[in-house]
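The structure under discussion is supplied below as structure tokens; questions concerning it will follow.
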């Protein structure tokens, strides 16, 4: 563990699935580290590339994007579009020099509160070990 | 808590912050209302539980106090914070503060929104007049709404009108269907367009405009009194009857079957002597009502409707060589179409039907003899990926069992043999029904497929397998009945494209969700029922039809439609009209539009969101390369605002 | 459980796992009625890993490779191809149902001839097959059978006593050697005998 | 036509089925189609090779394909359907599976691309076309009422050989009708005769052959037409034994398709090798009722 470092994780969650899983984790009192900040979105289809960059720009150490399982999208195909775009983004982000290990995609349904809890714990300790993300600021030329 | 409240009050933009233990309770809500009025608030953040619990509650409270309900945000500090993190630690408090700050930053960017109001035509269109369409039309009409029923054939009734007796109760199909057909024909709330097809559809939920082509009947339905004298006298009588699937004959002027609704004939110009050789004209002379009109032409009518129910049913897979779809392959090895005594299930229904070409006696087509050994083969086409149809047709196990019973009841010394792969009889009293066919009516079941059928001296040699006995079996049959796969009816795909609804790789129409929205399509206001959505039997078709009708009534129970205003909008001035959004939108809510100046000259093209169709998924926002699409309630600015506040 | 070896790979490429035991292959098989285990049963055994039962079946030697099963299989299993694979496995392992030794001998004689000449020498084939067949089961009838045909064949000029020879006989031998080496390697690749059952 | 085709005779045509070879050679000559035998071809291994070592089977066929390619043939005629099917199978593999292609090329010690298409005798006549066939006819075969027998391999497996409808083929009927012959509808056109089992399982082959012959007779045929040396062996050479087991079966001449084309264009029985058949097959016999034969 690297000292006192507490990572900041921004989570973009689909309103109909993973956001509800997080709610259920609450109802079930499933404890996990308090490092995540949840942003509610109507659908993972709404998540664009800029939002991920924005989070890093604002000092996030990692970003989570999570929505419904394939085929379960509340809006029929939004998560499918998200997945397709993600394939493109990956390349782009990679070219830009963004550390892809700091971006995590997941499918978590409304019932999978345990999975949400697990992911939050795992992600927090993983990022804690990786240390603060300075890469983006370096790329963007932002003063730390 | 008090500490949080104090710190919240310090966030820029916050006018006041108050603490109350049960904000959602009545006293809590009145506190909210008081503060809104007292402090003249133009935004409200409730830091409490999940928005899924009480967003509605607080929006209502805001509205009651004169604040636009879409200026309310909820900071979820319970489920997402206090219940899941170690209590009373610095980290937990910091997170709670972050959540509140994020919500405040979001509410600052909120707009007043008004629910979208959509007018509503309370008239429904039902496409397809099989048992499903009939049921849906009657249910909607009985609820007091107008129905327009469009049926492609000269009569309503669909496949069920041609069935003999029906599983699982063996009641006579026509006995139960005919009264319903008559009801449809006479219902004051139902306008029937038979021999008609939907040509085009435009508009959206509540406001569809439908163009219908009424094919030329050459008989004026209004003048005709249904005496059928013309039918009796028409000399052109040796034409294959579509209704009897080629086993019987019909005249050139005909009703498909005696109980047809409407009981008005049509002339088939392809077989009418008048049309072919300009002779005859008997029907014109004989008709006292002056209803015959050889000059009749197709007519186009337009109807406005608020909802559409699609019930276009199914057809059977063509077992013979010729196929209409690439990738689907015929069963050359079964000789259907080459050997007259190899027939399909619907043909057998006609043979067994009292109103059929043999008056219900089982006679084989080739020579009219009573077949003493009949082989029934299940899963013909179905569950056969090599032929292009991987799915189970669901009804054939049941109707095959039924066929063996009908056969045995009519030919007491006959023997029915069935080749099957699995017996799929899941349903109330269904398996008992199959057992009855085996135990009481003596059908012999062989578990295995048939490899080939060939004809030898008037006998059909059926080479099959008994995989349980573990050996090939050969049966000399007098007739073979193939339970061929159910496929969507002709033109279903084209219709789906007109309606902008989905269909699967086999052409069955797609429901919005297989479990929770089984009769809705992804297009609001359009519903599906019956076998057009997937293989199903009569009970299921009817249940689904009633469900679709109920959904239509839910829609029609309102005087106008309101929709959540959190929809997308496009900056039309800057839109590059690249159509990326249009293609990505799962609801086809975006259309291409023109911007014209006052002189009517085209300035530019743009994409435009139809707020009546937009469901607010936000896909368009993220695909737009020029950042011209945005989503109310989750706008770019709002989300940035939230993320910004993390610093 | 058997270890996944080259046999499993080969039958999997021929889509054994798609077989749903409909029996259509057996129903159309010209040899189905004389087989001890019709093709669908061989497929079942192979599918569930009871390879021992499959390699010991008479059927695999009765199959005439007519492809009827493959052409009609609703699940696009290459049934005839799998029959070949099972037979080839039996061959490598030297397994053969006693009643089928004659067929095996015939194949052996055939390949011998091709290996030596690059082409089939029918006289040699028949002579070898008959003598070996006789030695294997001492059936005089077999030895005599068709010997009546031979003179008539020769009379009709339909028989070339000294069949053709291919010019590149060295290459042929190398092709045989290489293929047999691969087969031998595959035979080693499979798990020991006792693991053969399902 | 003036066509040159690569020619893969296979062992049967150079062995006991030499009459088939003379028939094809003579017949195609009449249409100015020249067959050039592949230099140094090897046996395809027949059912023996793929029975015991599928790789060997593919390799032997691949060797022949490689030779054909080296010699620049776009089309290779393999009159024996078993050879033809084996060659098609190997070519299918070569075209679809790069890794396998490399392995085979390695084994056969020649470059290998699958360029040469493999065709059967029917395809040659089809490419000549009904019109040209009709033009060449000197003696219309009006006495012939043929049962066209495709056997099992000419059309199977459909995805590999890509020829005609595998359940109800009719290309042979089309060719015969152009010669003025009539054909019968019957049920065993694609049922297997037992093929190479002749030696090893004679009883079975006799039963299978009997079904075929009897069905042809029952449907009014006065002869059977084949395009396969093995079918000919089982139906013609073994017919006497079949009739011993089934005495009610009348004698039925068994022609190669090329025999009939040749006879129709005016070639003599001896040129084609028809006189070498076991069952007498002179054309004028066909006008007599079957019972007297």
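Points worth noting:
When the chains are written out, they are named A, B, C and D in that same order, and each has its own residue count from 1.
To be clear about the criterion, a contact is a pair of C-beta atoms (placed from the backbone, for glycine too) under 8 Å apart; a residue touches a chain by one contact, two chains touch by 3 or more.
Keep in mind it's a predicted model, so treat the numbers as computed, not measured.
In this structure, the chain pairs B-D and B-C differ in their number of contacting C-beta pairs, and the larger number is found at B-C.
Separating the CA-averaged centres of chain B and chain C is a span of 54 Å.
If you average the Cα atoms of chain A and of chain B, the two centres end up 37 Å apart. Centre to centre, using the average C-alpha position, chain A and chain C are separated by 59 Å. For chain C, the set of residues touching two or more other chains reads 68. Annotation for chain B: residues 333, 452 touch two or more other chains.
Looking at chain D, one finds that residues 166 touch two or more other chains. All chain pairs that count as touching, in label order, are A-B, B-C, B-D, C-D. Every residue of chain B that touches chain A in the complex is listed here, in rising order: 50-52, 76, 78-81, 83-86, 89, 91-92, 94-95, 98-99, 102, 512, 522, 566, 584, 586-587, 615-619, 621-623, 631, 633-634, 636, 639-640, 642-644, 646-647. Residues 10, 30-31, 34, 62, 64-68, 70-71, 78, 80-81, 84-85, 87-88, 91, 102-103, 106-107, 110-111, 114, 118-120, 122, 126, 129, 145-146, 149, 152-153, 156-160, 163-164, 166-168, 171-172, 174-176, 178-180, 182-183 of chain C are the ones that touch chain D when the two sit in their complex. Per the touch definition, chain B reaches chain C in the complex via residues 333, 383-387, 421, 447-452, 463-467, 470-473.
Residues 11, 14-19, 39-43, 45-56, 59-60, 63, 85, 107-109, 152-153, 155-158, 166, 190-192, 194-197, 199-202, 204, 208, 237, 276, 278 of chain D are the ones touching chain C in the complex.
Residue ranges of chain D in contact with chain B, taken from their complex: 165-168, 187, 215, 218.
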